[in-house]
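In what follows, chain A forms one complex with chain B and a second complex with chain C.
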Partner chain A sequence: MITWESFLETFETGSGFWNPLIWITAIIVAFLIIYILRGYGKKEYKENTEQTKVFLSGNPEYEKEQMHIKGSNVYWGFTESLKWVYKTLDKMHTGNVSDYILWFVIIMGILFILVGVI
Partner chain B sequence: MNIEHLSQTLLTHSPALIVAVPLLGAFLTPLISRINDKLRNVFVILTAGLTGFLVLLLSHDVLINGKIHTYIFGSQDIGSPVVRILFEVDGMNAFMIIIGAILVFVAVVYSWAFMKENTGLDKYYTLILLMAAGMFGMMLTGDMFNFFVFLEITSISSCALIAFWTNKGKAVEAGFKYIVISTIGALFILFAIAILYGQYNALNMAVLANSIQYTFLDKIAFVLLIAGLAMKAGIVPMHMWLPDAYGRAPASVTLILVGTTQASLYALFRVCFTIYGNSLTAPLKQIGSVTITLNGFLGTFIVMLAIITIIVGVFMALKQSDFKRTIAFAAIAEIGYIFLAVGAGLWAIGTPHGMMALKGGIFHIINDALDVGLLFLVAGAIYYATKETSLNRMGGLARNMKYTTIFFLIGLLAVSGMPPMNGFASKLLIYESIYLINPILAIVAILCSILLLAVFVKVFYSAFLGPKIPRFNDVKEVPKSMLIAMGLIACVIIFFGLFPDLIVNNIVEPAANALANNSNYISQIIGGS
Partner chain C sequence: MIELQDVSMRIIIIIVGTIGFAAFGIIFGLFYKGIDRKLAAHMQGRIGPPLRQPFRDVVKLFTKENIVPENAIPWVFNLAPIMGLVGAISILLYLPIVPQTDGGLGPLVSVGGDLLLILYLLMIPSLAMVIGGFSSGSPYATVGAQREMATMIAYEFPLAIIIISIAWRLSIEGNANVFALTTISSTAPVWSVAGPLGFIGFAILLLVLIIVTPAELSKIPFDSPEAETEIAGGLLTEYSGRNLAMFYLTDGVKTVVMASLIVALFFPYNLSNLSILGLESGSYLAFAVDIIFYLVKIFLVIVFSVTLIRVAIARLKIDQIVYTYWVPLTLLALVGLICIMWDPETMAQFGLPRVVEWLGFV
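Here is the complex of A and B:
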């Protein structure tokens, strides 16, 4: 039977524990502290002045669509430095259904060896 | 007839009704469609709702009261040679049908507005209900051949739904690939069933589990079943059909496809832990004084395959520029985490660590279905509003689609295993259990989870943040039925995240116990204690 107390119980994982309710309480307290500290800051922000205009080292501002970094350019450095990994992965993903079946046969072969059929 | 008697009758027949209601609904849908489109939509939602109610009724009895339900179609005499099909519902079956019921109900609610502009919706809803019936059948049956039949029903209806947008060539191609892969996988499964039937003159899972001697033929059947089901589940390197199918199907269909993939994973669990459960500790090789057992060997292989699945899934997701393909590759990585838990559970079978791994894996099945499902629905919502799927052409949508953005954030945090979402608790169990096998594997799994967060931060930035793009000035928030569907899943995710102990104790643990102790499952049919 599910009781109200069971909603508050800590989740035991064997070696550790996890209680999201305590975590959320801690996060709320942390946000409150940040909010209070923020109140001590200087209020220099003025809307619709030079302060809020886009400044690109004196260069003109591009069209909005050109300013947005496209999805495939995000993490460009990561994918570029791991080009060799992606080359192998791209070779695997041919999009050809016969290759899909070939991989199935290969895995089945390995399993036959492991289980001791071959 | 009083209410108590009615609920008892419903409970007794619920295993059959859970399959029969959507099946009957599927055949009635085209007829009702002729009367009125709105009436058809209401009828389909009511059918999914009634199925969900029956699932709740049955699951409550199995999970909370600890009963195993057996439903016999055909002769009641166990010694009779006549054809008989058995549905057997233990903790694991009950757990799986809960996932199925949530996904089907949410999918039909979402479809109301999402598919409104399409033609041929009578066929669409018929196929959706047929797919649901097949999926529930796969999850409930205790008969191997019957499992194959339901697998085929699911595959055929899934193929038609993947290719539903026939005006897009790539959808048809994805449907073709799916049916080729499904048919070949199913053929090998059928071959394995034939081998087992030829040897033991039985198709019932419990009878087979009690009879299996782990002979040479049993080994062949074992490999065929594992390979066939692993391909249907999307394990690397047999995963390539999955991004094609998930990426091209309508979002509501993808949601149920996630459920059918989970049903194949369930069957894999059933084969390993129930049917071959008594043979798992069988010695394979003797090297000096060390005996290598099947579970150790197979567990290690599955853990390796799972790590490769996670790495390939995450790395491929990182470079995608199509919204749905990105989520599809992330879904592959998530399946890798479930497989990792299966491997660890097999490796340490019979120990508390093995049990912890099983619990982690089972908990992650439902979390994966919900988290990935929500992300697919968000991708569908964005397609509905902008007619765009490429991340390169999106941006600044958070301004126009506030609720969808919040749902994406919930899905993003949950799928990446960020606290306090549901994915965190299940991944914590998986990390701990795999750490005991090899700490390096646990580190790789954690790093990949961080990369998964990076993947979705990229998606979040590309689609929702950035300057307001003039092309999307007129984009509006999606209709209410789609928001309700996404909201339903988001609420379940938050609930599971806030009360993991409650979920593990009441839903996950009975499922893990059902898998770990196959004797209860067997004795229900064969008799004995």
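Here is the complex of A and C:
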């Protein structure tokens, strides 16, 4: 049976802690306040008119399927800025097993040196 | 055994506290926004809008039509702005307004969460904007949402290094609960534990945190997710009326949150402790002085981390933003981390005093 104590307990990991119930209570209260505040705003708009079309700076609107941008593009900023890293990794990725084993041996060697010296 | 009365008392405190912090965050968020706009205008040789302009903007947005685009998913589109604002307000509860030494306020729910929780909660407003952008069904908003995602991933890295460095240094000093803001802001403020090398390290981390703040707040030069002149407002392109007002308020509250976080981590000092003022510890007057001092500290942080940077630098492209955070700033934060790591060693080896002792504060 869940007691009051265990129900209200704060999660602790040794260094971090948080109490989900306090957060949920705060979130519910804040949600109600904001919902009421938002209620003072105007609700209406003209449905099914030009107003509800997406803004595209006057460019022609394509089919919805064509306008969707792929998930892989989310990381465009990363792939573009870290191109130099990806290029190097691409070169190393030869698909030849003996190359991968060579890398494995080199990394193991470096690790042994690190562990041995430090 | 926890009494039912005790629990209900706690719940009442949380409810009243949330209402208070919501009002505080929104009012001061808008007020600081006004100051920021006015100062930025003066820096650019303009007169600028009056300080109450952000309040007027919100009132105006409330009277405008709340358009939901035909491609949008209406419930997500309407819910995202509310969740963003609610998330931002909930963070305020965990931040110490006046550090707890000498009868200060401390965080409202200090036992309820730590710095790591704040790190996660900080993502909610940004994620709400991303979800709102994707649910708009507009190409501009989708591009904006993608950029916001990339920016988020970019600045989390140096931010995490800052948090970990501070906690690690405090744990070396033998503090328990190193992630708790009560420890960081009242038991052992960072500058009080640092030797000369650690002092340099913390100064570097403060600089990095000041540069992370504009990205957290989507301000120039890291505002490519919105980029009005390029993608017509990005995430917010399709938002109007009260939904846009909610995002506007979120921005204000987040500004207060980020500034409070910097103050709590690096400047958690009270003015009422000064013997020159002759204030009685724990009195209402001391409390009022500390609150005013806190508001001044927030103002200074906002001027340096938001206004000054956004006036001085032009907008960066999204790949430049990622590069800035992942290469120079991460390296800088790591240099700070190394300084802090070597600090106890150098202090022990060369017999160096703590900086506060050296300056004669202790």
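Please note the rule applied: the second predicted complex is superposed on the first by the 92 of 118 C-alpha atoms of A that agree within 3 Å, B and C clash if a C-alpha of one lies under 4 Å from a C-alpha of the other, contacts with A are read in each partner's own complex, and residues count from 1 in each chain.
Assume a residue touches a chain if its C-beta (ideal position, glycine included) is under 8 Å from a C-beta of that chain, and two chains touch if they have at least 3 such contacts.
Small disclaimer: the values here were computed from a predicted structure and weren't measured.
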item: First, second, both or neither for A:Lys91, with chain B first and chain C second; value: neither
item: Touching partner for A:Tyr35 - first (chain B), second (chain C), both, neither; value: second
item: Touching partner for A:Lys43 - first (chain B), second (chain C), both, neither; value: second
item: Touching partner for A:Val74 - first (chain B), second (chain C), both, neither; value: both
item: Touched partner set for A:Trp18, first chain B, second chain C, both or neither; value: both
item: Touching partner for A:Lys53 - first (chain B), second (chain C), both, neither; value: second
item: Shared contact residues on chain A - chain B and chain C; value: 10, 15-16, 18, 23, 64, 67-69, 74-75, 78, 82
item: List of chain C residues in touch with chain A within their complex; value: 1-2, 4, 7, 11, 14-15, 17-19, 22, 61-71, 82, 85-87, 89-90, 93, 109, 111-114, 116-117, 136-140, 142-143, 146-147, 149-151, 153-154, 167, 171, 177-180, 232, 237-238, 241-242, 245-246, 318-323, 326
item: Chain A to chain C touching residues, read off their complex; value: 4-5, 8, 10, 15-19, 22-23, 25-27, 29-31, 33-35, 38, 40-46, 48, 51-57, 64, 67-69, 73-78, 80-82
item: Residues of chain B that touch chain A when the two form their complex; value: 64, 176-177, 180-181, 184-185, 188, 216, 219-220, 222-224, 226-227, 230-231, 237-238, 240-241, 244, 284-285, 294, 297-298, 301, 305, 312, 315-316, 318-319, 321, 352-353, 356, 390-392, 394-396, 419-420, 424-425, 428-429, 432-433, 454, 458-459, 461-463, 466-471, 497-502, 504-506
item: Partner chain B, residues of chain A touching it in the complex; value: 1-2, 6-7, 9-16, 18, 20-21, 23-24, 64-65, 67-72, 74-75, 78-79, 82, 85-86, 89, 92-93, 95, 97, 99-101, 103-104, 106-108, 110-112, 114-117
